[in-house]
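Across the two complexes that follow, subunit A remains constant while its partner is subunit B and subsequently subunit C.
Moving on, here comes the complex of A and B:
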């Protein structure tokens, strides 16, 4: 049984005759890193929003742990699937960087010391510790991107979807992210990334799905390179 | 006279805050393309805001030094006046897109500058043709993909035909075809004598720039011919600029 399955999924934005995605049949398990690639406007971001329940398909069905996605609340989906938006500002809202990372944990009932410890780990890993008391929107674009990623990863969701996670990241932080995603996937969590960054995709992805004009045009498997080889 | 002259530029977003730009000085000749790179948080986007006058006119904070664009001191001229000298494409295109259609978006600045209607139409058609986005003419910018939004934001800036273009990660979110298209556009603009300053993390995208400026914690770490800098693998690795 796949963790997340899409069966003949189709979707069109309101007022648009042309479907943004159509005939999507995909299955994702709780392992490995999948990259969804394709030209601008091919439906990649739309597909990820369907996978997280942000959008509802016009046709077809999406199953999460063998239950229709429509039967979950967004909060229930959020506990299972972590989503990093293409624009990090869309998901940053706390007063400080540290609060942003700890927000989800506090709302899941974690105690203060556990929140501090987990927050501290991700502040250090993504080199955000010097900014822990800064207002998130005062950060640079790349710093906001790192913060959004850290805040989602802090909850250690079983499945992670990231839309253009390397946008705004410098080379060094891309390496950190690639390293982290390899570790996450190695711990039995599924990862899906949408990315135009062909170098990053080649480096991390095990499976590459090619989307064009809203339809799957191809799929191939490769072994994502280990960073030890760099 | 050089198109852009930055002399001793320092900036903090608030008076007791950290120094974001630290004594930055450089000149960009007319018709030259200079790439700007560095680790995230090193001051690249802040530098962009200083180049079109948003800093100091729309941001409080402490600015020292000077920025001259087309001979105009950015402290002494309003952003609207500087818009005829320099166009800025923001890192996040959502920040600057607001019209109901792509065509309206590109026409907005010329309309606000009271350009004649016929001239506006001509200019919009030229920009759309240059960018190869005819199929997006009637589209709502809010419904475009991230990469398409970047192209439209570039188009909106090109509409006023400024001599200097400042591009903050304009290649970000573009697919291979989009990157090639933008690179070709920038090459064409450079051949027309435009001065281009492009902030970019992906060094390969800007390998065709004449020179490259590397910022490190707000200060100039190196300013060199692009070819020489990209060949210096030791420097790039030490600066953590290679993936």
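Moving on, here comes the complex of A and C:
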């Protein structure tokens, strides 16, 4: 049984005739790193928004732990799936960097010392400690990206979806992120990344899904050495 | 039927003036009905109006409760240990505040039937400085963006595992209060970036502006404006005298 399964999923934005995605059949387990690649407008972000319940499919079904995604609230999905938005500004809403990282933990009932400890770890790992009391929207693009990733990772969700996580990151921080993602995947968690960064995808992904015009055009396993064209 | 945006602005100003002037639920209710009929006249789908009103429902409820509790007077309808909690005047005040807001928001929907460019043109032809008119256009254009950003924040909060439906009211209010500052400050930051981008593109580089198009009043516009101005004047006079 897959952790997250998409069966014949299709979606069109309101007022648009053309479907943003159609006929999507995919399954994700709680291991490995999957990259979704494709040109601009191919439906990658739409697909991730469907997988996190932000958008509801017009046709087909999405199952999370064998239950339809529609039956979960966004918060229930958020506790299982961490989602890093394409634009980090859309998910930064606290008054300081430290509060941003600890937000989810505090509201999920973590004690103050545990929140402090976990926040401290992510501030250090993503080299955000010098900015811990800064207003998040005052950070640079790359720092905002690191903060958005740190804030999502802090909740340690079982499955991670990251939309363009390397945008605005320098080579060193991309390496750090790649190391972390390998560590996360090694702990028995699934990771999906949407990226145009072919170098990063080649370095971290076990499985690469190619999306074009809202449809899956190919799927390739890098580590298992099997090749499938759809 | 195409009306000049200035005619719509006059209608909005007249109805808003009356909404501010009246302070009892009866006339305000009639004004709300009149605003709704006006929107139907302009062929605005009531579902669209409802879409604009819906986000404010909690605010209306909150304002109603605050007014009911803190505007004592008249017949006491409910008291707790001899402290009047709900009074006739409180209910009147609560209903009036909510109806007034409903009227203002409902009639403002009329502006959505004119393009922002036409509204700017209309304001400029009413001799309002271009800078002010442009500010109005920017505000109108950014309102949906701001609304979308608020929706994004609510989504992001929930995706961090916070179930807003199940958070107790007290905590929910505290949560919204804590989110308000960053969201408002974020909007101010964006305004600053926008002004820098405008300066970089030569906004107000020359003192005189020219316009490709000019709005022309039609006879129906004159009739509509006359009707609104005369009607409002009579009602204001009746209310004040």
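Keep this in mind: the second predicted complex is superposed on the first by the 223 of 230 C-alpha atoms of A that agree within 3 Å, B and C clash if a C-alpha of one lies under 4 Å from a C-alpha of the other, contacts with A are read in each partner's own complex, and residues count from 1 in each chain.
In the analysis below, a residue touches a chain if its C-beta (ideal position, glycine included) is under 8 Å from a C-beta of that chain, and two chains touch if they have at least 3 such contacts.
These numbers come from a predicted model, not from an experiment.
When the shared chain is aligned, subunit C comes close enough to touch A:77, but subunit B does not.
Of the two partner chains placed around the shared chain by superposition, neither subunit B nor subunit C is touched by A:23.
Shared-chain residue A:54: touches subunit C; no touch with subunit B. After overlaying the two complexes on the shared chain, residue contacts for A:111 are found with neither subunit B nor subunit C. When the two structures are aligned on the shared chain, A:95 is found in touch with subunit C, with no touch to subunit B. By the touch criterion defined above, A:103 reaches subunit C but does not reach subunit B. By the touch criterion defined above, A:186 reaches neither subunit B nor subunit C. Comparing the two complexes, residues 89, 138 of subunit A contact subunit B in one case and subunit C in the other.
Across the complex, subunit A is touched by residues 149, 152-153, 155-166, 175, 178-179, 181-183, 185-186, 189 of subunit C. For subunit B in complex with subunit A, the touching residues are 13, 38-41, 44-45, 91-92, 94, 143-148, 169, 172-178, 201-202, 240-243. Here subunit A touches subunit B in the complex through residues 13, 16, 38-42, 44-45, 86-87, 89, 138-143, 145-146, 164, 167-175, 196-200, 203, going by the rule given at the top.
Residues 52, 54, 73-79, 81-83, 85, 89-95, 103-104, 107-108, 135-138, 151-152, 155 of subunit A are the ones touching subunit C in the complex.
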